[in-house]
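Shared between the two complexes below is subunit A, which pairs with subunit B and subunit C, respectively.
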Partner chain A sequence: MKRLALAILSALAATAIVAAPAAAAGPAPTRVRIAVPPSIKLGEGAGVQAQVLDASGAPVAGALVTFTAELGFLEATNDVVLADARTDKAGVASADIDLRTDGSIKVTARFAGDAEHAASSASAAIQVGGSSQLYAQGAGVKLPGFNEAPTAPGTSAALLPGAASLWPRFSGWPVALVLMIVWSIYGSVVVVLFRVTASARRSAQ
Partner chain B sequence: MAEVAYVPPAWRERLETRGLAPLRSTGVRYWAWIGFLLVIIAWAVFEYATQLNNGLIVTGMRDRISWGIYIISFVFFIGISHAGTLLSAILRVTKARWQMSVTRMAEFITVVALMVGALFPLIDMGRVDRVLELFQYGRWQSPLMWDILAITTYLTGSSLYLYLPIIPDFALARDRLGPAAPRWRRVFYQVAALGWRGTPEQRKLLDRAMTTMMIVIIPVAVSVHTVVSWIFAMTLRVAFNSSVFGPFFVAGAIFSGIAAIIILMAVLRKLLHLEEWITRTQFLYLGYMLAAFTLIMAYFNLQELVVTGYKMEAGQTFHFAELMTGPFMPLYAYYWIGGMIVPGLIMLYPRTRTIAGITFAAVLVLVAMWIERFLIVVPGFRVPLMAYGARNYFPTLVEWSILAGAVALFMLIISVFAKIFPIISIWEVVEHRGPEPDAAAEPRRVRPTIRPELRPQLTAAGTTTTEGVQP
Partner chain C sequence: MRKVIGRRALLRSGMAAGALAVGGSLAASQGSKAQAAGTSGGRLRRWAMVIDLRKCDGCQSISQPPQCTEACIQGHFAPEPMQWIQVYESPLEGQAGTQFVPTPCQHCQNAPCVNVCPVGATFATPEGTVLIDQMRCIGCRLCMEACMYDRRFFNWGTPAQPPQTLFLEYSPEHQDPAIRGTVMKCDFCPDMARAGRLPYCAQACPHGAIYYGDLEEDLATNGSEVVKISRFLAENNAYRLKEDLGTKPRVHYIPGHGEAVGRMPTTTGRKATTWPWQKTIGGALPWQR
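Here is the complex of A and B:
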């Protein structure tokens, strides 16, 4: 697994932006390499890795790496902590993150440093594709057509262009069905009331 | 063999006269009462205008605790609305006769409590002008949307269910009030009675409609408070992490609803001199139901305490400490003692099982049930979600004023309804219940049932006719 992780890390390293090590007088300088998938779909998890190396290029084991994403809410933009992970013997820290906003998201891996090592960080962008939906159901029972849009291949929503975007509004069919039944019963009662009036007219005649 | 109570004509005459009396005349004290309520409502409207003008910053919901007494009162009013329809429907379905003289009041409470309760989410919105956006952009998947749909459905059904058994009484009012009544009243009763003459066909149709509604309204009522509970239980808050919130809320709703009926019954019985028709029997039976629900509520509370307390997650520890040893301890103690233990004891001892005792127990329960909703919302929101200190919430004058206005509005609508609708279901009391042995002026006689189509029937004009030939 470690080899595989390192292989992935190396393969993705081309997309990484290597940050300059933080200048520090006492602790030895370090550098962080980050590897992220270049693009994912909204709602999908993404595996991210960061490697902490010292000045000689040797891995730093046991270092706490914090993964953050630059996210905005209303007019405020800040780094939001997504995950913490410790580096292994190869200096690699891994985490699965869940991005819930579309667009190009800047993910940062930050090593805060310790008594022997200086702090450093690195960033890379992930292109998150999909609709502009802010939040996706991350837990709980997913019922197609109820709390999950039925966009699977073969469904009508997937076949009709543009229909998928309508489904989140109209996918509560069980609720609609129950309501229709109850309101139909109300309607039948109102009809009975009309018959009461009609009966009175007949009696009068 | 089923029995049909013999109805002495004089007793029925007294019932009709007393039942229609509030529709005939209105005293100065009534107008003074209405004026008093209108003053409170006007003050509440002024305070609400202040809130609209300045935003929710004028409320206590300013720091982390974003649900305050508006949502607490919303749950409370929706809760007491269960009194009526649910209780009335269940007792009708089970053919309980003792409740016939209080079903109308129970159904009133339902409709009025729903009307008032439904205002609170709008008041809580702050920007009430955006309410239409709920329908434009609302999602079927949201419990909030389910709540809107459930309450709308329940209010419509309850109004229909209130109207159906009132039709024969509208006809009675139409025929008995006479030309001395104001023209608007005569026109209103004429239209509202739907030409009711009490013919067998009309009775059959009405019976069918009432049976349909009494069956359909029970699951609708249960669903409403279940959905209200889901607004809490489906929110990611430590204190709301419970799978029994649905039945717990439904039980709490019926519990507070019974208490509300008992109080309204005691007040209207005294004010409208209905002592002969609302007797100790109704108080006693409703009191027994109240006592049974004290045990059910205690069971649900213990279930919550034991299960969540056994696991005791970090947030739950904080929540329990807040309730049992922290700032909410006095309220929590009252909830248990005043809401469950004392009412149960009142019903346990024959000496306290009086009308006054049962009414007192109902007042204790109603206050306790408002406090229960407070204890669900405020301590629940005080549990920190992140590394920050617990925040405080205390309602401001604006919130108290609006709550007072809502209570006044509830009383105002009940007061107005009592002047327009017969507060007792006269025809049902006559046909299905008859006088109680100790309440009838004449000795009660019982005779075997005759075929329904041959039963003496109360006509719209209040006279008894018999169709066909008695055996």
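Here is the complex of A and C:
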């Protein structure tokens, strides 16, 4: 297990940026190595690993590693916590992360340190690609053309307080099609009624 | 000689005129769909809100009325007595004291108001916001009956209008200018989010209790901190109001009573909400809900 983890880390270490260990007077310095897949598609989880080593290169077991990604939304940007995991005997912490932002994402593995070990971190980039919609809209009455974004109301009329549309607007062609079919059926029924009435009159005469 | 139009010809022409009317209205309507917000990759946003009640003290600490409500009123020119986001004080379950619960429209994914509107004036957008087209609303108030969160308000009289609204182009996304005889409510400010800004309530909260986010990217922010929504909710035992009714609200709450900002649950009461913009114009007459 230890050999496998080390082999995986060695193989993927080409993309990793190893951070300098934090200067420490009391706790022993450590360093973190991070291994991430170079690219993933949106909606696919990514397995990431980080190894925590002490100054002599020996693994640090039981260390809590936090995986974060530098992400921005509206007015703010900061390191967003994606997952955390503890290292095993080989000093390796593994986690599955779910990135839903496309582009090149900087992922950081951070060991906060403890009484014996100093804090350290390492970062690597993951290229996230794809354009598939991930969040599916939940339940609700769904009729084509209904409950959808309306057409923009008349802007000139909107400037007059109290103005309102006199004629309903249709927001989808399926609704119009259904309406046309229904009214066609009504029309055909009226025609048949006229015919029946006329036929009855003729019979009476 | 007068031309006699037969019944068949009359029906045919009537149906043709109907088809033309429907087609014309469709053609007029298709060209001006509201622009949807997208991620950098072109995916559609799915707006959501997380309110961290641990950080909400009803603005007791600053001795002001709840600033989320005030900012919403000021930003939207909401007529008195409308509080689109209202801060309720409710008793804490299982212990003495109270908590403050800012309550905007819950923007349900299975919205009863949408389902009962007879004219399609209340509608759900693909982004997940539930909006009202006041130009289509007939004022029947069925939606107000259907809303189990009591988050809809009716313009019983002619609402006061500040001069600024006369220059605004009406949109269901900001609902200005207000129209007599129609329903109004929190619109989730998708127009502001599209412009890269937080809604008024989130901007104004002095403790950063209101997070506004996108379920598509699974990110939300209160202006200073970005969080991953799914993790934030799961780690903090988040809940939604009246969840058992199956309305699937887009507003999530993290339980608390303002303890993160030093509020004691036994310190009750908050300052009354005001409508400062209405004082700047004359003749504004509020009505009772």
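Following the convention adopted for this analysis, the second predicted complex is superposed on the first by the 128 of 205 C-alpha atoms of A that agree within 3 Å, B and C clash if a C-alpha of one lies under 4 Å from a C-alpha of the other, contacts with A are read in each partner's own complex, and residues count from 1 in each chain.
Here is the rule we use: a residue touches a chain if its C-beta (ideal position, glycine included) is under 8 Å from a C-beta of that chain, and two chains touch if they have at least 3 such contacts.
A quick note: this is a predicted structure, and the numbers were derived from the prediction, not measured.
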(message) Touch test for A:Val190: subunit B only (first), subunit C only (second), both, or neither?
(response) both
(request) Using the superposition on chain A described above, determine whether A:Ala115 touches subunit B (first), subunit C (second), both, or neither. (result) neither
(message) On the A-aligned overlay, A:Asp102 touches which partner chain: subunit B = first, subunit C = second, or both, or neither?
(response) second
(message) Quick one: is A:Ala200 in contact with subunit B, with subunit C, with both, or with neither? Answer first, second, both or neither.
(response) first
(message) If you tally the residues of subunit A touched by each partner, is the higher count for subunit B or for subunit C?
(response) C
(request) Check whether A:Val182 is in contact with subunit B, with subunit C, with both or with neither, and answer first, second, both or neither. (result) first
(request) Would you please give the residues of subunit A that touch subunit B in one complex and also touch subunit C in the other complex? (result) 146-147, 168-171, 173, 176, 179, 183, 190
(message) Looking at the complex, which residues from subunit A come into contact with subunit C?
(response) 42, 71-78, 80-83, 98, 100-103, 130-135, 137-141, 146-155, 157-159, 161-165, 167-171, 173, 176, 179-180, 183-184, 187, 190-191, 194
(message) Going by the contact rule set out above, which residues of subunit B touch subunit A in the complex?
(response) 139-141, 145-146, 149, 153, 156-157, 160, 164, 167, 194-197, 199, 201-202, 205-206, 208-209, 212-213, 216, 220
(request) Spell out the part of subunit A that touches subunit B in their complex, as residue ranges. (result) 146-147, 168-173, 175-176, 179, 182-183, 185-186, 188-190, 192-193, 195-197, 199-201, 203-204
(message) Touching residues of subunit C toward subunit A in the complex: what are they?
(response) 7-8, 11, 14-15, 18-19, 22-23, 25-26, 28-30, 32-34, 36, 39-44, 46, 109-111, 114-115, 119-120, 123-126, 128, 131, 133-137, 158-159, 161, 166, 169-172, 177-182, 193, 196-198, 212-228, 230-231, 246, 248
